[in-house]
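Just dropping this structure here.
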Amino acid sequence: MPRPSGAAWRRIGGRVAQYALVLLVAVSLNFAIPRLAPGTPIDYLVPSEQVATITPEQRERVLAQFGLEKPLLEQYRLYLTGILRGDLGVSAQQGRPVVDMLLERLPWTLVLVGGAITLATVVGGGAGFLSAARRGGRTEAWGLALFMFLDSMPPFWIGMLLLVFFSGYLDLLPVFGALPTSGAAGGFGLTLEFAQRLVLPLVTLTMVRAGWLFLVARSSLAGELSEDYILMAEAKGLSRRQVVLGHGVRNALLPLVTAVAVEVGTVVGGATVVETVFSYPGLGRLIYESVLSRDYLVLQGAFLLLAVGVILANLLADLLYPILDPRVRAESLR
Amino acid sequence: MSTLLEVRGLNTVYRTTEGQIRAVDGVDLSVGRGEILGVVGESGSGKTTLATSLMRLIKPPGRILKGGEMLLDGEDLFRLPRSEMPARRGRDLALIPQSAMHALNPVIPVDKQVAEAITTHGEASRKAALRTARERLVEVGIPPERHSAYPHELSGGMRQRCVIAMAIVNEPKLVIADEPVSGLDVVVQARILRLISDLKESRSLSMMLVSHDLPTVTRVCDRIAVMYAGRIVETGEARTVFEKPLHPYTRALVEAVPRVRGPKQDLQSIPGDPPDLHHLPPGCNFEPRCPAAFADCKTVDPSLEEVEPGRKVACLLYHDDERE
Amino acid sequence: MMMNESRSSTSSPGSGGPLLEVKDLDVCFGARGRSGEVAAVRGVSFGIAPGEILGLIGESGSGKTTVARAVMGLVRSATGSVRFEGREMLGLSERALRKVRRRLHLVFQDPYDSLHPGMRVREIVEEAMKIHRVGDRASREAAISAALEEVDLTPSSRFTGRYPHQLSGGQRQRVAVARAMVLDPALVLADEPTSMLDLSLRSGILEILKRHRDTHGTGYLFITHDLALARHLCDRVAVMLGGRLVELGPTEAVVATPLHPYTRMLLQAVEELAPPSSSRAGYPINDQAQESYATIASGLQEVAPGHYVACYEMSQPTLDRPTTEKEE
Amino acid sequence: MSGTRMGRVGATILLLFVVAAVFAPILAPHDPALRTTQPFAAPSFAHPLGANDVGQDILSELIFASRLSLTVGFVTACLATILGAAVGIVGGYLRGPVDTVLMRGVDVILSLPFLPLMIVLAAFLGQNTTNLILVIGLLIWARPARLIRSQVLSVRESGHVQAARAMGATHGYVMVRHVLPRVTPLVAAQFVRTANVSIMLEASLAFLGLSDPFQKSWGAILFYANARSAFLTDAWLWWVLPPGLCIAAVVVSFAFLGYALEERVDPRLRSTLPTSEPSSGSGTPMPVREDALR
């Protein structure tokens, strides 16, 4: 790979700046939403069952504790510095630092989301390429319809149906949580338990997300296969298989990379509902719990963390793309 | 000159929503060893379909009708099983496709693309193939420092040279070039044609050159075949056809050529519209636009017949027997 | 055509002044410091008389199309002077430009994309009249059929209701020409109008342009890469290389005695591509001295009456030399 | 299955749901807001899909819920496509600083995780349908905007746009008469696509218990079914399966419709090959090479 030139560095710098901007927007949204929302801050800061009974003194104390009596700009500054120090506040329900609660859940979600994206890319992308390479056939057309169906099914519903079959009828897999609540086995047993509990959420998430990647892979390979260089490759004497794999798929991988990066945001959204269905102790489940218990600071913190993850994934794809595609390398910033 | 390629009764059809069209309609042609045959035709004449058919690269909804023959060195390539074709392509016969500008894979360096043409056919190691590829690139005029460039880093002329290198790298018996210079600047066109002429000399290349540009084809080719509406309407020695065109269509084409030397003549244009392959006239395809048409032309479909040694034309004006 | 209303301005066509006068035109694109981007046009000067056809010859990337766009006022970064019918075009407000554009028209290279696929021929030809609110319904209708007949789309009623995809390439290009002519412009800028057409259809379009010039006194800037074609149509030709004008003169003079090495190279290429039979008889230099307005082009020297050439030490041709070739 | 046939299937399914939504009061056997039988009642003749945890008729709930899904789908899609088309056309056609600013905004919105953001918004802004529609509409216009813009970029270079400009047409005229008609098929495809996405978003939010409690929605039915662990009993058959099927059917009908439209925009996606004769000459226009599906 050629070493990055001045233009490439400018490009990287531009991308990083852009995503820093996105992050700032996400943070600002987080700051602004509660302040724009109807009702008083108190509604969001004390456990919901205490809101009705709170005394004026307690009220003052809470406001002071969160710096809410200060001017808005000052509040914003405090908020930003807080985040930089890794302080996302304290959960109203559990009284624990929000950051701790988030970090405890993060690994579970990382495994689920990472696994689902990988699987969905392999399964969906692979099938999509296959479908594009064999266009015109009956199987191909029905494959398309099938994946569009998958793409259209609500993830939580698929999750519920899988629960019905695998635990309700077949009683095959333990389904709730990621680890047995009691009697931790440790070592290999623990890993196995963990893997078993991961299976259903992972399958669910993969199923729903594979459809979209199928469509992207199919359309980009179909596009590449209609290009002139494919004809030339065949005229050189390459077999159809070599042409499709060595030239078509190779080039069609590029749009797929972008699609996968964009997917991260959607998969994270899907994970939220899937984790809820399976009581899988990731960030999504945490979000659900905080919605139910009206634990707003936790909710906001979780959103922020997910935003950071999605932004990092997008940044990674953006930086990866020029390495894969020399044409992009040649361009400077748009 | 012995015959290298002999095509007989080639028909290629396309299925469309409006019905089937015959893009190549019963074409017979031959190319001699070390000879360049020029196939001239305007849009819709079927020249590109002809070139693609000879490579057996016609894709659905198009197909080559059974019954045609394509003898290359006496072997009928149309009879080969489909699976054997890849081994022949690039080695027995090579293609320089239309829009060569886009014929290179945008994400692979050009020398690797040329080398791929070698490795796919043989025993050569990757390294040896790359070396040969670079030699060929130098031969077609690409300086060594550009060999590992990506296509988008090269100009149109350079890309065209790369495609030519790719076509000759396995020393094919026959090269089929489809519009090798269209879309390039005139100076570059001239250079590419010079390159083709040079290669013909140095490697005694046999070639079929397909183009819309009659004067250019006349310049580089030994013989010419003029196509109209999927058929060959006139063939003969290149200069003779250009200087003494027989078929009214060829004549009109010659008169439409602007010249930079010689007396300034008015340019002629052919009245009417290019042929619509869905609705061809019952008689001669050119009859609706033909200035010399007479009554029989509306009903009799002229065949390609020899009128002088080495000269064939499909026009009733020259067919004594069909005239009455 | 019928839309030719009387104009009160002193510089109306035919009053003797040049129709178009371009002086020291410079156009720079996107100063982002990219290596591929060059100043598109540098110090270009030329003039066109009413009823004159000036050929602008150049290869891809020579800046010839940019000159046309600058003349239309479609390029914002143009500096220098473009006087059309005596009025300065550069720096005109968008509103004022729109008015001037009634007298100027463009014909494009690609007949497949220059016509709106969703509009019928009638609407396409009518559009300019609509935009400039010219005439009433009946007079527009008459103008449309007159314009179509003029480009040999006869009878016009057979074509007015069709969509572009129902026409052949040659017919589409005729519609594009009819669209350009319907408001009877003083100047038509034709950008390679025949390069995408089959040889057998080309001369038909050229014939129409010539005829229109003869009957209406329209001036043309005819952009092409083909010197042979220019020879058949243009009164004078201007040769561009790398954004500069390198030679300007009466067509026959330039073709017979090309002075600039680049022009010679072009001619040589054209001859190489020409049929082998052409004789090489000598020609009188300047067999017709076309009237031209004192085109004191900067950097161009007059070496014969009306025949200018750029000092060529500084502009060696660089084509097809690998390292300097431009990307399109 | 060809694109056209998919389009027809999609349109048929969608039409069925539109009929159900419009004639809900006539078609539904009961008032879904009332307790009409025992809680957790199994299916019976009077209650073909049984009853939920408070004794409301599930079939009637389903029929009435189609109103919400379709409304959310249509209204947000309208909002998003109008906004997206406007931003895409103006940005792509005018270029320059306007475009840069607009596209930065699009980039920002596209890099946010939608569902978590919507959850935060819904949690704070309260759970009512108008808010929901506004929020979805204001978030999902960004993708259509980007796609439409990239097509506009190529349309603006086409001859007829240049010609109209050269004729003296105003920017507004060119955008409305020349650019908009050329991108209309893409806009239509994006309309369908956004409707699809917003219906799914609404269902997901409702499933997390963030829907308007006074409005029946398929997602909300599943929320209660999940909360009451309906999938552990036979009740999944009538309580879990049907609402999910409804969501999937509506979404897939939009997807089929959208695919049929996209196939028109980009014929290379067709699975059964083409309709026109092969281009043997030069200059046959190819459709814009944009990933219409993205």
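The letters A, B, C and D name the chains in turn, as written, and every chain counts its residues from 1.
Rule of thumb we're sticking to: contacts are C-beta pairs under 8 Å (C-beta built on N, C-alpha and C of every residue); 3 or more make two chains touch, one makes a residue touch a chain.
Note that the structure is predicted; figures quoted are calculated from it, not measured.
Engineer: Tell me which chains count as touching both chain B and chain D.
Structural biologist: A, C
Engineer: Counting C-beta pairs in contact, which two chains come out on top?
Structural biologist: Most contacting pair of chains: A-D.
Engineer: Which chain is the middle one, judged by CA centres?
Structural biologist: Most central by this criterion: D.
Engineer: If you average the Cα atoms of chain A and of chain B to get two centres, how far apart are those centres in Å?
Structural biologist: 54
Engineer: How many angstrom between the C-alpha centroids of chain D and chain C?
Structural biologist: From the centre of chain C to the centre of chain D is 49 Å.
Engineer: So what's the Cα centroid distance for chain A and chain D, whole Å?
Structural biologist: Result: the chain centres lie 21 Å from each other.
Engineer: With chain centres taken as the means of their Cα atoms, state the distance from chain A to chain C in Å.
Structural biologist: Here chain A and chain C have centroids separated by 56 Å.
Engineer: Of all residues in chain D, which are in touch with two or more distinct other chains?
Structural biologist: 273, 281-282
Engineer: Out of chain A, which residues touch more than one other chain, so two or more?
Structural biologist: Within chain A, the residues that touch at least two other chains are 136.
Engineer: Going by the touch rule set out above, which residues of chain C reach two or more other chains?
Structural biologist: 169, 198
Engineer: Can you list the chain C residues touching chain B in their complex?
Structural biologist: 59-60, 168-171, 198-204, 206-207, 225-229, 231-232, 255, 265-281, 319-320, 322-323, 325-328
Engineer: Touching residues of chain B toward chain C in the complex: what are they?
Structural biologist: 42-43, 142-143, 146, 152-158, 185-191, 193-194, 212-216, 218-219, 239, 242-243, 252-253, 256-262, 264, 267-270, 273-274
Engineer: List the residues on chain A that touch chain D in their complex, please.
Structural biologist: 18-19, 21-22, 25-26, 29-30, 33-34, 37-38, 44, 135-136, 140-142, 144-145, 148-149, 151-158, 160-161, 163-164, 168, 215-216, 218-220, 222-223, 226, 255, 258-259, 262, 265-266, 268-270, 272-273, 276-277, 287-288, 291-292, 294, 296, 299-300, 302-303, 306-307, 309-311, 314
Engineer: Help me check something: in the complex, which residues belonging to chain C touch chain D?
Structural biologist: Against chain D, the touching part of chain C is residues 72, 74, 97-102, 104-106, 108-118, 124, 127-128, 131-132, 169, 176, 179, 196, 198.
Engineer: Per the contact definition, I'd like the list of chain B residues that touch chain A in the complex.
Structural biologist: 52, 55, 57, 60, 86-91, 94-95, 97-99, 102-108, 116-117, 120-121, 150, 152-153, 163, 166-167, 170
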